[in-house]
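Heads up, the next two complexes both have chain A, just with different partners, chain B and then chain C.
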Partner chain A sequence: MSGTWYIFRREVVQYLTSPLAYTVAFAILVITGFLFVGDLTTALTTRPVNAAVVPSFLAFGMVVFAPILTMRLLAEESREGTLELLLTAPISDTQIVLGKFLGAWFYYTIVLMITFSYQIILLTITRPDLGHAISAYLGIWLYGGATLAVGMIFSALSENQIVAAFLTFATLLLLWFAEYAAQIVGTVELAQIIRQLTLGGHFSSSFGVGIVRLEDIVYYAGIMVVALFIAIRVVESQRWR
Partner chain B sequence: MHYEAEHTGNFNDMIEIEKLTKRYGQHVAVDHISFKAKQGEIVGLLGPNGAGKTTTMRMLTTFMPPSEGTAKVAGFDIQQDSFEVRKRVGYLPERIPIYPDMTVWGYIAFWAQLRDVKNMKQVDAILDRVQLLDRRKTLLRNLSKGMRQRLGLAQALVHDPPVVILDEPTIGIDPQQVIEVRDAVRQLGEKHTVLFSTHILSEAEQVCDRVVIINRGKIVAQGTPATLRTQLQPGAHLFVQISGASAETILKLLRTIPGVSDAQPNGNGFSVRTGTKQDVRAEISGRVAGAGYALLEMRPVAMTLEDIFLDIVGREATP
Partner chain C sequence: MRNENIVITRYQIGLIASIVGATGLILGIVGFLWQGSFTTFIISSLIVGGLGTALWALMTPSEFRAFIQGRQVRQSISSVFAALLLLGIVILAYGLAQRAVISMDMTIDNQYTLSDTTRQILRRVTRPMQITGFYSPRGVAFREIDDQFWRQYEEESGGLITRRYVDPDVEPGLRSQFQVVNEGEVFLSFVNPDGSLDMPSTQIVPRENGQERDMSQTISRMLIAGSVTVYFEVGHGEYDPEDSTQQGLSRINLGIQQSGLITLPLSLPELAASGGRIPDDASALIFARPQTDLSEAEVIVLDDYLQRGGSLFIMADAVFVDNPFLQENGIFSQYLWNNFGLRPLDAIVVDPPMGVRTPVDIQSAAVFTGNPIASRLDSDTAQLQFNIVRPIQINTTPPANTTNGQIILSSDQSFAERNLIAFGQSNTINFDDGQDIRGPFATVAWADNQATGAKLLLTGDADFATNGLVVVGGNSILFTDGLVWLSGFADQLNFGVQFFGSTAPFMFASGQQLDFIAFLTVFLIPGVVLLSGLAIWYRRVRA
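For the complex of A and B:
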């Protein structure tokens, strides 16, 4: 596992020194900050605070942010030629992909944890539903991991970061939008099947409302495993091209 | 670090290639090549662009699998024991791969850790060896091309591998840096087995103990530069300078001399080639004197590796 650790560590350092990563973090924090303040203002007069306001935004936000965070990961290695050195170092293709994915997920986790500070602010002024908040954060953490894993596939497929980002965005948009498509399907059974396949379908009616279900955890873990497996195979295919 | 071949094969043969072949669809990039490199030997892989040098090296570094044939590095099979091979190979690709945002020290330390180097003092030692220690905190994006080349060499050597594979390490750098890299490669031969690809013939002659000439994926000649010169030089090559008649008349005379296979104008004299090792100097001087002309100069011309290379590659190109 040491190979995974060294790759992971390099990726984390790369994120912490990358202007683009800071821009993404800045965008997430500004938008969620406004949403939090807006929700708090509304809560003063009409209803209790929404503990899932940040995670609910990120359910769409990650459709945009995940491509930006992952587009560089393997595409840049391929373009700069460093992938050739990595593939001739005594580490496996799995370690390379896993190290990079964990680096991206760790960075996302840091940003997510910063937004969790809103809940701590709430604690000083009211009694928020922490169970709901933790459930929503757990859900969006897994959801984010799944979107980043999907991004790994396209970063492995293309040397061009823009192409990788666009393909990831298109795929995630489809997975996100399908939840709404399910709402207009006439057949209930078909709608349920579509909803089971979408990223949002396993968040909005479970984690998002404070319910932690094993099937949703398995769904996101499954997406990560399958996406990373595909990314590993794509990296491996570099040897055969 | 000391490595011993743990599998079959000769201990001295650090690289053993047997009928190695690589196909890309219908195109055969490397075609049943076989050669060996002994411990401490610097072997030059010489050939024009597209000859199959990089593909051969990529197979040896386990970057890509062969379509056919086998190869062993330090006694380990490149397919069955690829991890063992990777631990024992230092590789410098043709294009130096860098992470522009990393420092010199961080970059070498990263590759050292991935290759299981425990003692980080080795990073300082190798940076000192390639004269980059004073640049240890410099970001890679700020390094010159020559420095990047030395950095690439440092990453290939940081784990002290018994086999070093260098793909055209002198390409694209200035003449002074070329000399430095060649010196560095020569020094490597004291401790490592080096496989060094180049299309610069004089470089192979200067740096390598042995040369493998590859063209269109096939080995067309191999041996020491001196051996290649002796074995492949089909006959003698003389330079003669004669006065007393027109160039056409002298050329006619030279071409009628028994043993002379070709005579061509060359600067202020003529190049004379013989088809065999037969010494035609006495015959030339006799004929020239007999015709009443003056023989001003006659000297043998040593065939360079370049001549041999162009001759072989030219012959290969002729259908």
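For the complex of A and C:
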């Protein structure tokens, strides 16, 4: 546990001292800020404010942002040779991967919390559906964790950050578009199976509309567990390759 | 020009053969798992895979041996199996979670939880019903959202309501049997004891106001179908329930029928002449702008009905004929005053501040929303509109066992024009001291008798319910909720929207507030983050 904590702290410090992390956060906040104000303006006097407008955007946004956040985590260590040093340190492979993942997820959580402040701002002028907002943010938090875990696999597989980012992007895009691909298959059963596999399918009709379902939590947690396990085995393979 | 020899090594051939072999074997195995049988493609893939592997072993035997026996393979295989095992556990956990159907509705107004109204309706379900939804693969996302509701109906009804989903492309026979036109259409049918659907009972679930309300109303309609009858009085020149012109009542009549109620005509003069009585199954009797007043014999017939707990919906209006309906000194007016403490005056309400086009086409100034008839009549969003309305006088000390009250009021600045002759002939409106009366006035009032169960809803106007005006403001709500109250089936009739409104408020903000929020979210918060990043970058460069 101390190994995980050490790596986690190291990653968080790296994020907090990295201009790239601030640039990504800036991009996310500008886009979500515009979306929030845009929804506010269209909702004025005509309908309640959409509590899920920011999380719904991030459901697609993470397809782009997750590769950027994870590409360097292991690929950079591998390219610069510091991964070998880490592997010889008294830290297990699991602690390395877990620490780095938690660091990335922590950074993502901070950005999410900043966007959640929009809901607090809303309290000054109306009574927003905070339950719906909490559901949507919980969903997108888990969703983000799953996308970051997928990114960890490719960061572990490649020494090249660009390749890692591209492979993560392609995989997440596939998982995103599979929801639409499900609509053009021959049978409803197959369409349902494909939809069950997609990231968006477990957000848009549950967390996104204000419903927290156990099966969706298990899905995202499952994606994280499996993806992190694969990433750990890939890192571990450095020892016997 | 220089000649260059191209050299192909055994290693290169072995490498290519290993890739071809692995690809062929993977395609063959995945194809077999997918299709469950050996097709030409699968056999070809396996043959190519086998040949590739054999060529690999032949060209680079030492590499092949190392792959089979080496540490890398053992580790790889163990990793793959461990990953597959973990994946299996995750899939199992997911399957169990899916079957457990554990969910929490976090929305402020419990949008995805069945309301008390729906639960009340479901408690009345005694005969099995089936929800049949038609969804193709294109509508699988909609099906998932709908199913979140339909499965609650199944659980709440204790399994009496079941759900079935049909792909219209796969089962065209069912599609034509249900006459499905569009993707996502949902039907509700009673189920026969032998498990087959009672097709004549099948009703389409409209897609108008949200899944719960649409489904609950359809169930309610099916449960009540044919058991409530409403009569329209037709013997005194009333508005015609079948007339589809602007002055007709066909819209209201159709709405009542679509709610599962039966509407029938009834002639009070004929009943009085033949010594008949109003049928026992009459849940309500509607007078929609009768022209002439009732005779004593007709009032006796009505009294007999009210003594049996009958309900009257009287839409009196200002009519400019001899012996007009409910004239102040008439026998029927006296009857209502003596028995319910209500009567319309021989006057029309003039309300300049509330006038729409003229001071006599008026909107409601105040609504007593505490009454079940008016609970949905929000004076801001569902304002009523009347066209030449008579004021209603209310006896504040009503007869024994009787309760009465006002529902709609005119404004403080209104007055009652008593000179109907001048108004009828030349549209002249003047306030005459000593003759006309200062407002406000009740324009809609109610009364009921606790001893007999008789109910009365009296409106000073009938035009609000005509095809031309019923769609305006809250006019339709007044009619439907009034009828629900009169019929005594308030817990069964749900053709209004009274129980499913959203409680999430609309937002009202000034331009200044919006500008401030925009500044905060689009500039200040991202700006602070960007400046922090720049500061860190600057410190790094300097260091």
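The criterion applied here is as follows: the second predicted complex is superposed on the first by the 239 of 241 C-alpha atoms of A that agree within 3 Å, B and C clash if a C-alpha of one lies under 4 Å from a C-alpha of the other, contacts with A are read in each partner's own complex, and residues count from 1 in each chain.
Rule of thumb we're sticking to: contacts are C-beta pairs under 8 Å (C-beta built on N, C-alpha and C of every residue); 3 or more make two chains touch, one makes a residue touch a chain.
Model, not experiment: these values are computed from the prediction.
Aligning the two structures on chain A places chain B and chain C next to each other without any clash.
In the superposition on chain A, A:Gly81 makes contact with chain B only, while chain C stays out of contact range.
In the superposed pair of complexes, A:Tyr6 makes contact with chain B only, with no contact to chain C.
Between the C-alpha centres of chain B and chain C, as seen from that of chain A in the superposed arrangement, lies an angle of 170 degrees, given as a multiple of 10. Within the superposed three-chain model, A:Thr17 lies in touch with chain B and with chain C [touch as defined at top]. Once the two structures are superposed, chain B and chain C can be ranked by residues of chain A touched, with C on top.
Of the two partner chains placed by the overlay, only chain B lies in contact with A:Pro90; chain C stays clear of it.
Remark: least CA distance from chain B to chain C after fitting both complexes onto chain A is 6 Å.
When the two complexes are superposed on chain A, the residues of chain A that touch both chain B and chain C are 17-18, 240.
Across the interface of their complex, chain B is touched by residues 2-3, 6-7, 10, 14, 17-18, 80-91, 239-240 of chain A.
Considering their complex, residues 58, 61-65, 83, 86-87, 89, 91, 93, 95-101, 110-111, 113-116, 155 of chain B touch chain A. Chain A meets chain C in the complex at residues 17-19, 21-23, 25-26, 29-30, 32-34, 36-37, 40-41, 43-49, 114, 117-118, 121-122, 124-127, 129-132, 134-135, 179, 182-188, 190-192, 195, 201, 204-206, 209-215, 217-219, 222, 225-226, 229-230, 233, 236-237, 240-241.
Residues 71-72, 75-76, 79, 82-83, 86-87, 90-91, 93-94, 97-98, 100, 102-109, 111-112, 135-138, 140-141, 143-145, 148, 165, 167, 170, 502, 504-509, 513-514, 517-518, 520-523, 525-526, 529-530, 532-534, 536-537, 540 of chain C are the ones touching chain A in the complex.
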